[in-house]
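Here the chain labels run A, B, C and D in written order, and each chain numbers its own residues starting at 1.
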């Protein structure tokens, strides 16, 4: 069933739920999913509602005009998404393929409302598999003389493909601040540690040296500060003294691909709101 | 902060959230926590709201009169609970003490809005510890000639202590149907398996013989059918081939006491609604 | 590094470890991994050792002759596997592809010592993907008039491909007893529930109706009794009241494919010993 | 059944298992549990064996003399423990009582081979509960003028009580280097985060600000560097955006007490070997 998903936030106050749900009810809106959160530490209010698309008595493009009096009254920042519109995902990859394989498989089996419109990589090894799946593949080598060309090309292609989301699927390079800022809130990364532990390079080696008993993965929004953006999803698995860094990497792949897939799904279903450096994720 | 917690269910329809939240807003109600669920399989709607107690412009005992027009319009079954009123818990125990110890410790440290008003057991061994905690202890032996005396006494004491909840903390006996029915929805049990696997007696021995790789515990409402009531909470832990039934029992105690404590907390905070044989648990 | 993996079991006795490790040491055997288990309930002993292949002072085919005096003395049942020999896996599939995709990806990235030598299915939909991966695909439709033809063909192809392991990757049909018996201990199934709960068909619907709070998956050896063979690996994920059977199926796929992949890896690395209806799994 | 537990480590070499198990077998030693680990990164070998105490043909105090030729040959560092000897635990506590309650309950129900011989605290609030359990309680206030008196008293009492293990059960103070060094490998701490994340003070507040999706607890040996000693055991639980630092603290208590109890059990059962800054834990 098609839904309109209304996501919003504003300073907390008495009467917000009443005003918004009253507005929707007055127009016949049938709510199938409703989630609320008021955050006492910031006194901010967050809300997500999934409304049956055919239940409203006005066309979707009239929403803004009709809703603006309420939005103005409470200072609401909102967005609306028609679940009939799949999100367009551009994937940045490197040599490793487990995350790319997972995302392609999920896209092809309709696991979430997204399609992969292009895959960009600084290695050629994934081309054949990607193209067999009828997804355009672009090889973007990094020229040590002018590395900025690589990044310019990423930005250009993301726009050309009308990307909604950029996913760093074990891309292994640090995006320049300009890209992080320009597409803020739209770039997801999977980091192969339970952040904030072991940020930066070689997290499994760091984990081995520190002797932790669990290793993890973190899906987060990319910001200018490395591995420090808002966390969307995390998970861990147990290891023991017998696991070398290489074995951890092998085991870790299982958790990386699942955490990335979950994080992406929350994002493309408009379940994630960012406030300060934290996320509200309405499951 | 004191809250009024309004919990309700009704056939699903357009406008319920609007009507209820509009009613609350009209009376100044400030909602700190709001949870909704519509169940497509039964077309039923469930809702829980925590309203700041001092924000409403009418006294709590006027709620029923004021809310009844809305309740009647949608066929709402509702209940309200003042978080200032601790739930009165009567614990049924047997010889094992880990669950009793856990509940007493939590009650004494204010882990949830409940107090243990009495502990009843068919063994004497817990008396000293219970009484040291200033909780009345009743020894209710089971006379094989007239076992019904034991159960009559349980029912009588539960009423005498004005119990809100009866908790079977590894009580190990089967309550007669009359008690299950009389206090329906108010009796919690902890079963030491991941139900529906290994219902009945000796679940760890059953688990050992079947060779499962995880063992669990289940907190559920007691109904006349053994170990078949609505499940509130479950969890599992990993075991391996080296764990005997006795070792499983040792490991299982950790999960039993936590699952019981969580299930009880959800219940006493009015987070659980029962529909058919399933629960909606608003975390 | 190539290893010889010696796996064995026998009645428990004093001196087994000494005799076996003494034998290996006398011949220069360098042990990189050693696992032992004595089971008090059956008084049986189990052992697995990974010996560096180039450390022994005799050729591998002399092992049997040299080791037989010790084996005879303790009544040891043993097998040896050269890790240089990849296990040959024949996969039985049906329409769903997440487990097949997972296994193909793992085989192609060298996740374990196995290769997929053939995929057999009663549906055509996976052919293109399988063949693109250069794996022979056989379409084996089930003729309602003579269903035994389908099963005969499975057995014939398994032998033709010199299969070591048969994997039922959401194959959805019940193998006849003749096949179960003939290839006993070599057929793995993934069942989409936490067995013994919800054996048989539609486990997610059964789980929904029972209202469990966790769903799971089980990898087990196939025996003549449906879903009752020795369990190799299990895992679970949390669900809640909002998850329909369809949503459970979606979430369950993540755990099914991981549990199957782990179970298969334990099997092909000769980490699993079966005793009665239980497994010893040396991680 | 009483066992002698032999724990050892040495540079890896061919023939160690054979030599040690041969020695034990020659003297009639019946091995009920045997664990081995060779670490390729350091080329070091670790071993733990549980031998039935009544199976050896010599008295326990002859072990050293008889075993020393083998120990010398391989450069083995070893220790032996008679499971009939309970480890003597001195607990350091502060105001919070959930870990103390857990340990006392486990000691009293025989959950592991240890007894709590004394509890020292800089607060009086636990005295009554501790003394009711017939455990000596010492109130050791911290004088801001001479804080070293507090620590001297701890060391003095630990020796006086013949402590084997010192457990910091949410003790909340930093032990001076002199104590850490003097009782190296014998002091366990429970830290309420998933180390190395959020070392130091207020880990739940740090976790809240960073917006992690899981919180954890770590049981580790105390060394002079704060929260940086070898990790024995860790675990995590899931939280979400609705959990304040106070709620995290409440949820975290469940995981803290279990992780501490597990870590302590591994330690008192001589399952932990330390190498560099990492532990080998033979479950």
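Going forward, contacts are C-beta pairs under 8 Å (C-beta built on N, C-alpha and C of every residue); 3 or more make two chains touch, one makes a residue touch a chain.
These numbers come from a predicted model, not from an experiment.
Undergrad: Between subunit A and subunit C, how many steps is the shortest route if every step has to go to a touching chain?
TA: Minimal hop count between subunit A and subunit C: 1.
Undergrad: Using C-alpha centroids, which chain lies at the maximum separation from subunit B?
TA: C
Undergrad: Can we say the copies subunit C and subunit D touch using the same residue numbers, with more than half in common, or are the two sides different?
TA: Mostly the same residues form this interface, as more than half of the numbers used are common to both chains.
Undergrad: Based only on mean CA positions, could you tell me how far subunit B sits from subunit C in angstrom?
TA: About 41 Å separates the centre of subunit B from that of subunit C.
Undergrad: Just give me the whole-number Å value for how far the CA centre of subunit A lies from that of subunit B.
TA: 37
Undergrad: Specify, in ascending order, the residues of subunit B that touch 2 or more different other chains.
TA: Where subunit B meets two or more other chains at a single residue, that happens at 40, 242, 283.
Undergrad: With chains as vertices joined when they touch, what's the shape: line, ring, star, complete or other?
TA: Drawn as a graph, the chains make a fully connected set, so complete.
Undergrad: Taking the complex as given, what residues does subunit C use to touch subunit D?
TA: Touch residues, subunit C against subunit D: 14-15, 17-19, 21-22, 24-26, 28-36, 38, 40, 55.
Undergrad: Please output the residues of subunit B touching subunit C within their complex, sorted ascending.
TA: Touching subunit C: residues 37, 39-41, 194-198, 208-214, 216, 230-236, 240-242, 244, 277-281, 283 of subunit B.
Undergrad: Can you name the residues of subunit C that touch subunit A in the complex?
TA: Result: residues 33, 97-98, 101, 105, 109, 111, 132, 242, 250, 254, 258, 261, 283 of subunit C touch subunit A.
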